[in-house]
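Have a look at this one.
Chain naming follows the written order as A, B and C, and within any one chain the residues start at number 1.
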Amino acid sequence: MTAIATLGSHCALQVLKGAKDEGLKTLLVCEKRRQRLYKRFDFIDEIIPVDSFLEVLEPRCARILEKNKAVLIPHGTLIAQMSSEQIESIKTPVFGNKWILRWESDRNLKEKLMRDAKLDVPKSIPNPDKIKRLTIAKRHGAAGGKGYFLTSSKKDYVKKRNQLIKIGLIKGDKDLYLQEYVMGVLAYLQFFYSPLDDNLEFFGVDKRHESDIEGLGRIPAQEQLGIDYISSFNVIGNSPMVLRESLLDDVYAMGERFVEASKRLVKPGMNGPFCIEGVYDQNGKFWTFEFSARIVAGTNIYMEGSPYSALIYDVPMSMGRRIAREVKIATKQRKIDIITT
Amino acid sequence: MTAIATLGSHCALQVLKGAKDEGLKTLLVCEKRRQRLYKRFDFIDEIIPVDSFLEVLEPRCARILEKNKAVLIPHGTLIAQMSSEQIESIKTPVFGNKWILRWESDRNLKEKLMRDAKLDVPKSIPNPDKIKRLTIAKRHGAAGGKGYFLTSSKKDYVKKRNQLIKIGLIKGDKDLYLQEYVMGVLAYLQFFYSPLDDNLEFFGVDKRHESDIEGLGRIPAQEQLGIDYISSFNVIGNSPMVLRESLLDDVYAMGERFVEASKRLVKPGMNGPFCIEGVYDQNGKFWTFEFSARIVAGTNIYMEGSPYSALIYDVPMSMGRRIAREVKIATKQRKIDIITT
Amino acid sequence: MTAIATLGSHCALQVLKGAKDEGLKTLLVCEKRRQRLYKRFDFIDEIIPVDSFLEVLEPRCARILEKNKAVLIPHGTLIAQMSSEQIESIKTPVFGNKWILRWESDRNLKEKLMRDAKLDVPKSIPNPDKIKRLTIAKRHGAAGGKGYFLTSSKKDYVKKRNQLIKIGLIKGDKDLYLQEYVMGVLAYLQFFYSPLDDNLEFFGVDKRHESDIEGLGRIPAQEQLGIDYISSFNVIGNSPMVLRESLLDDVYAMGERFVEASKRLVKPGMNGPFCIEGVYDQNGKFWTFEFSARIVAGTNIYMEGSPYSALIYDVPMSMGRRIAREVKIATKQRKIDIITT
């Protein structure tokens, strides 16, 4: 029997609950300080306590996972806490494509993949001198939105950049990526692609709650003008959403182009869950500013399935459960090599 | 056996999934360019490909629907793409009341029905000279919110109107309807009225996500003041919501008054799903600014039922499924004439 | 057989539906003017019509409840309409701890309990002269957010206070509580603590929709500056949300400290449902500004269970149903005295 393993954070509860619903054994690689949380849930069969998630790379951990024939489900915490080299050196079979995770982390590779998939990406601004209109400055890597800020002139940019340097979040311009800011409805499009039957499923869409930018709209303009304010986009949580049905055809087309581009650029392609992240402008056009090449935390809102997964499955199908089901099917078909790397 | 048919857009997935859950045959009148999307879902039994939705009016389409004893479920796309005359000339039985759809499309009839139902409607502004306080300018018809804007003076109005003329969205003042803007919590109240047992069900409430106005609250006031901005209210999607329980009695009362008024003004009245759309002000008073006399897309968020439908039904009951159930019951009772026009 | 009783408002539908799902008899103490609403739902077995909720204190009502062996579920309406003395004098067994409701209503006791639980509470401002930065002025008691306002200077405070006096909402400074305003993502953390097995369950988190402050973010800054605006925070409804998983450990820790503190300060402690209410700042730190020592209305969004209750229970478990289940278990174990006061 195959087992499902993941790191204790991000979407571990969803992933392991889904695995248990599919009848698989569940293992959690868990920082010792977080054990109290995860011990509360009886769908977690075994906890592997570690001091650091990097121990996944060590023989002790790898042996336990191997003994259980575990597939490791990667998520945002894996990417945040390991280098691409470390991730690629993992011995345990990784669900999906571990090689594509480097493309998620590296801003240049990321843009290359998005453009190859013919996604519309907001224009990047090469340097602060070129800031002419509303621009967002983002830190490189999976920083979770902390230290991102809006600006519309070089003068204002310099002021805010210097404050971030002062509090130690960045070292200088090279730590920031500048991009034209597109205003509208933010949407995080969740997909699952199965190479077993070459089929793409649109799984749902969520909204993010980011602090403290979310609170800004509740401060009257008059009060705002009196505050020396730097926005921040620290992700706190997620809420459910559905899209206007006439947008769905394009949603599927974007997902399919992304799958095709990843097959061309980074073998074996974008297998398993992924997310295309962006904003619908006032014409209903979608601008992609990021992607995640693995399960996103926004799927946690759909622990019992989403309005879209309900169109496909007769049981409550979370993304975590969908992953486990894929592992089960591949195991049965002796195709586990196709869905892992 | 009766079948359920609808046009491929708006809430077609919900309607046909619900019909299938009730055991009915499902037909989709589908633009050829959209077939790829709908072929993904196996609860759609038959797709009738068309170049334009207007083909519903033609013998070929009507014959297929008749052969299947199909009831046609009208939604926003039907109203957006056909004139009231065309809708009224549909030969296929239309669920609910096709005559009331004219009252939804025509601003004057719409106001008449709302006032007859004793709904509180924000004051309309007769002409731009009368703009004294915060006012919303709306385009006539089911434009989906595109080109709507806020203004608080004639001077500002003229500037924005001229920009809309320039980009070809409107021709002049007569294409815009001016209404006092009420600030608060927007809410879209979804109802189902069954003439079979003269019973009204409150089915749920949703929030809309509109672009790009939704993004405005995330732009600091200082940056906003530097932008020459015209808001837009293009509906992108929906999220779930519940109301304070003490508001529910009034919600039901509004729904009942609407049903009664429609019985008086446009026979056979407001049968089936409808939506009362407005805003709760700071005193918890509801101001109605629109209604939809048929299923609204906001019900898509409740593909598996809403917190309110769960109080009434033991199975996951979407609005789409509720419609199908009504058709089933009426068929059994040989009362299909009562629930269609 | 035990029965579940509550007052007809706030979350009565959820509580009684949940009780019925657990197979218990349901009673509703209902104002006569609200009977029409509640008679629509057939999971309510018996309605006790009253002119005022205070009749719960009278022998007639108490006898009916006693005859049914009813446990009374307290909620926000009970607190809003009765004094602490009246609540404490209720003869019917009250679910949870009726003595702690005084600590919810009294601002000083409330702060004492929050600080004893080592929750981070935003600094209170002793008097209007001390307003230096963004501050929120709140009315005492369960006012539902009506008449709350933001201010950042004494001058502005005085102006807004005087307007509230003028419209009769307050009498003077002593009716207002001043607190530093923390900007970020508002979150209402719902818990259930069972003394039967000394176990805390995190049940879900919701967002509130408040009028008219929620509408502010859709008004361009330029228009805002032209309006003489006093914000209001009248709760209209709720929406679902999940938290970043890395925040959950701290969420549980806050809940446990709250349970422990209440055991020390107000016997028998915080049994049953409660809510810790606050805001996540840009560092992901949670600032508590309120608590509710009983079921909150935000649980209504989870009529069929929340993403978090789905991790614990195999059936759709609303907070109302969880309460009923606790009553059932305690009845079976002859421990009803432990879960009521």
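Keep in mind that, in the parts below, a contact is a pair of C-beta atoms (placed from the backbone, for glycine too) under 8 Å apart; a residue touches a chain by one contact, two chains touch by 3 or more.
These numbers were taken from a predicted model, which means no experiment stands behind them.
Although subunit A and subunit B share one sequence, what matters here is the overlap of their interface residues, and that overlap falls short of half of the numbers used.
Superposing subunit B on subunit C by their CA atoms means rotating through 120 degrees, a value rounded to the nearest 5. Rounded to whole angstrom units, the spacing between the C-alpha centres of subunit A and subunit B is 34. Shown for subunit B are the residues that touch two or more other chains, namely 214, 216-218, 221-222, 224, 239-240.
By the touch criterion stated above, subunit A contacts subunit C in their complex at residues 9-13, 17, 33-34, 36-37, 40-41, 43, 77, 146, 209-212, 214-224, 226-227, 232, 234-240, 297, 300-304, 316. Put simply, subunit B touches subunit C in their complex at residues 134, 150-152, 183-187, 205, 207, 213-214, 216-218, 221-222, 224-225, 229, 231, 239-249, 252, 279-284, 305, 307-308, 310-312.
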